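Note that chain A is present in both complexes that follow, paired respectively with chain B and with chain C.
Coming up: the complex of A and B.
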């Protein structure tokens, strides 16, 4: 039995492209095709409801794609070893970002049906706010942001694939930090420096975009926690999706001998931690608004609690925190693939419900189930997202075999 | 109550890998009650030693629920039963407002009681000085202890020297 810690006995073998059945990819493509047809029908027949649904589904999959980009950047910036086996899966999610950028362009056509500031039904007291929410300026910055995110994702993925190619040729792939000659510090690799810059850029642009996408649904209401709340959802759902894909791939034998139980334990622990982060941000925002009880602020929660929406909030509390927290507390369950699939799916579903709960109460005072147009949009975006991710994984190895520290990650000697 | 000291041998190893191999071999030879001392947690060592899952997490969980429950009950009793005060028109029994204090009570109780339970369970107590088995165990050496009650120290010493121990010593623990 080869023991842990011993990097000498571990041989990294290229597991090759992930075994993803062509049927699954065709299914995603079919779902996208059918979904897009009905989405277009819905946007013309029922514009009001369908555009709100478009916002929900567009944001949900954009957030998942961004989560892949964010987790990759965080991995490099922290110089992490434990997350190397998951990095390629996070990178595969960024393959959706160009499609997300295109759907941002589509979203611009629905501004008048979604946002009161675009429809001209609200007036701001400040000239700066009126200028900020000008039609062209808002559309322009959202399109530019999503295009730049897609570009950053492309840079990360390209460098990572180049590293793999170099490893296959047998070339040196040591892109580790270099020691400063005659000094104490280390110069981070290009990836480390680029990630640090990207994280700063991400923090600013994503906060602004969260305000534009969602907080401006009620343009005269505001909170400084809003972007953090959306980001907390992104982090939790992103970890859940990476966990889900890695478990499914390992069950099909696509991860070779690289992904081991202790990697699951680490990623599940991370999901556990960020389920706490999610409830912390959500509850903090709720508690402060509830306590102060200003009519101008409380209207936000009032809208989202009365008329049956309160049950959705209760569901979110359980699905995003209580259940993941209690279940993942157990070390044995963090190694149980079926339990991990169940928890990750629950968290992913809850993130969709969260966005639905953020968007829909603005136009619907009473709880409504998603209608055919919203389902069609979900199908369309799910198809596009699944097609982009599975196509990438079916062509590339689902583990970054070229990473020089992969062997340390497999051996678990960071522990 | 201090227990009577047992005769044992202690071997020092240079690497965690050597220690892990030695632990596996020694256990295969049938030695029980062995213990390992390392400068930092060695991955896979608890499994190799055959240690059972500790009961501490369950105790900790119990302490948390007791502490949080008592904190919550105290808030209810203080705010809604003995001295109801109207705060900004909120109900006397306002669960959201009680949550932060409930959480803090749970954490405080858990922290203190787990700490005390751990010390009691390990029979640790404040002492003016501890005599370390070997100071190098806190730095770069990995120690394995084998009790040698019945057969004397010779066979265990021989085995450990075969396993490549840097040094084997007889002692009483």
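Coming up: the complex of A and C.
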């Protein structure tokens, strides 16, 4: 047994800003620039395909940014200790959210090319639903939601950086959950309360937005699991991205002595668990629709299985669940950085493919590879996302050094 | 381990490890733990125990007589009539199987999450799970009418080459519930073996020693015993974890695989699981508030433990609320008129809406009990108050029964043809059998607290000298 509790004093070194090469950041900026030029070209030359591709790429990176926000809020709301070393990385993802909010504004211009209800090819027989999918109302709520998410992200990051600054000054902060006198229960801090409120807000707004973004591609088709499915993808991809970034930063020596093997083990275990959650949600939705075999409902999967799209679904099954599940079962692999990089990258790629598979079959009966316009959009958003995240990490410490319980997290002394 | 860059290490603050408080009182000794938990088994039961036992056994007798009467007269004595062919028996089945979910969640999932506070509640929660599954299992057997032929549900080679319909979710239920019952029972019994040995060593009587000794399977407490015990326990926890999700998902599929409006909804599986955990924790809270009081176990089932359970209840209540909201939104959003009618339809001047129709009382109770009252648990003072959480947990269980009633009964009343609309009235026999299941549940639970240590003595001792969390690094080492 190690003598964790004998070491009453653990030195927390401030690793300083992350070691991110300026070349990488320049690369992201260049990708964004080139991508944006070709995206604009695509949107004008091939509007139909390019706008669908825009939706895929816009959603993919927005979901990754939202995953950072969600994981941060979840961390605070649960009063968790084990996840403190990863918190700043999750926070860094939220730096993309203002850009995402701006791209929501751009998306509004593509409504007519993306959504049948905006193009006027579908008419609802009810005034309330017609009003719900009014151009202005839909655009308005999506823009307001994404702006509010960006604001919440800003509040979390602001408070977290202030806490670091206070620690550097040697001042004490009182922002962490306190213990109940004489017991082990915790009294939540402001962050905990704010996070709980945010999670409620997130559940409502993200579900409505998921319906607007994706389910309304087929406005007369609906299922109650839909938002949960998108959320399951967000959760799995978010854990994978936080894991990927932390492994890459630690390999470059940017995490100091703070991130240790046991943190990997725990985060990889979470990824393992939520890969099961993903397949659970996806499979249950599929099973129930297949079983009931309502023509109006089953058409959704029919469209996404015939014409070669079924192979994509099969790939998703393996990339999102079978491979992560079987590989991460092994306790030793959860510490193996190369394996973690591979698994996290696979899951992240699969999330993109998932969105592609959700969006593209609506307009393409047969499987199509992404064309130049879609790839340009991917490049543009990847550049913007990467630039936002790396710029933040290059200026700030990639671990929340000011968190008074960071030392417990380093020692593996949880709860 | 990689090193920070030299220019970055200017900032160095030694930080003291925040003292992690122990789960149980710091001055507690190992002997005292054994004494406190095992002692009640040696004493004669007090008046409260007899009072509860008498009521439970009376209820059980009432239910049993109703069942005997049903065997004689047939299912006609119940409120079942077209279109309501699934009545309170199915409601009760879903209700009890839901209650049974807290035990496995506490023993398996909280174990894997290294939540060491679970040591105080896991034994009782697991026992409760098994008794709830026993109650649940009775209802489908009674519901099929010809109970003696229920063994036809089991696929076995037979002369007529008749097999069960493997594509029916009802058959999946048979497999899921029996697997769940088996694994829960094994898990519960395995966890109890060291404690049964403790009781064996403390019992004065020769016969008591023999009986406990038999069930303790010759446990000696050697290092080898413990090693095997712990690896088996960890393995069973891993096996039991998917069961927490699968069983109630399966139960939800009894409804969701159909095309019936109000039943066919893809969110049912996770929604049912969350509801099950909600009701299960409500029942654990109900029981633990009583047990800690009458057995003087306030030092073990501390306010912090109870607060933790209240938090889980609050979270699952919010998930359930989310599912209700999704259903209501979807019923408005959908293009399927039958689904819309189920919630918001108007027929023949009758408003068959969810909240004003004949079943409005059940829908209202469901929302008030499962969504509104649990919101009180946001307030710290309330979720640390025993009377408050006791009342909220009772209300939650009432609400969860009515949730199932709303889903199962009121959906059947509003299917495709308005001419086939109906209204379901449970008869006194329905209520008698429901009361009987409560009688069975509490009888078994009271016998359990009488004969088995209600708290896992060995597990409490194991965490007595350790702070709350299990150091991850230690876990790693022990795995390696």
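Basically, the second predicted complex is superposed on the first by the 394 of 415 C-alpha atoms of A that agree within 3 Å, B and C clash if a C-alpha of one lies under 4 Å from a C-alpha of the other, contacts with A are read in each partner's own complex, and residues count from 1 in each chain.
Just so it is clear, a contact is a pair of C-beta atoms (placed from the backbone, for glycine too) under 8 Å apart; a residue touches a chain by one contact, two chains touch by 3 or more.
Remember, it's a predicted structure, so these values are computed and weren't measured experimentally.
Participant: After superposition on the shared chain, which partner residues are touched by A:336: those of chain B (first), chain C (second), both, or neither?
Facilitator: Neither partner.
Participant: Quick one: name whichever of chain B and chain C touches more residues of chain A.
Facilitator: C
Participant: Once the shared chain is lined up, is A:253 touching chain B (first), chain C (second), both, or neither of them?
Facilitator: So A:253 only meets chain C here.
Participant: Is A:189 touching anything from chain B or chain C once the two structures are fitted on A? First, second, both or neither.
Facilitator: neither
Participant: Between chain B (first) and chain C (second), which does A:205 come into contact with in this model arrangement: first, second, both, or neither?
Facilitator: Neither partner.
Participant: Determine, under the contact definition given at the top, whether A:412 touches first (chain B), second (chain C), both, or neither.
Facilitator: Once the two structures are laid over each other on A, A:412 reaches both partners.
Participant: With both complexes superposed on chain A, which partner does A:168 reach: first (chain B), second (chain C), both or neither?
Facilitator: Only chain C; A:168 stays clear of chain B.
Participant: With both complexes overlaid on chain A, does A:291 touch chain B (first), chain C (second), both or neither?
Facilitator: After superposing on A, A:291 lies in contact with both chain B and chain C.
Participant: Give me the intersection of chain A's contacts with chain B and its contacts with chain C, in residue numbers.
Facilitator: The answer is residues 4-5, 262, 287, 291, 412-413, 415 of chain A.
Participant: How about chain A: which of its residues touch chain B in the complex?
Facilitator: Interface residues on the chain A side: 3-6, 262, 283, 286-287, 290-291, 293, 412-413, 415.
Participant: Hey, which residues of chain A end up touching chain C in the complex?
Facilitator: 1-2, 4-5, 7-17, 19, 81-82, 124, 128-129, 132, 167-168, 170, 179-180, 182-185, 187, 200, 203-204, 207, 211, 220-228, 250-257, 260-263, 265-266, 276, 280-281, 284-285, 287-289, 291-292, 294, 296, 331, 401, 404-408, 411-415
Participant: Mind pulling up the chain C residues that touch chain A in the complex?
Facilitator: 1-5, 7-18, 20-23, 114-117, 242, 245, 249, 253, 256-259, 264-270, 302-304, 307-308, 318, 322-323, 325-327, 330, 332-336, 380, 384, 467-477, 479
Participant: Would you mind writing out the residues of chain B in touch with chain A in their complex?
Facilitator: 16-17, 20-21, 41-44, 88-90, 96-97, 99-100
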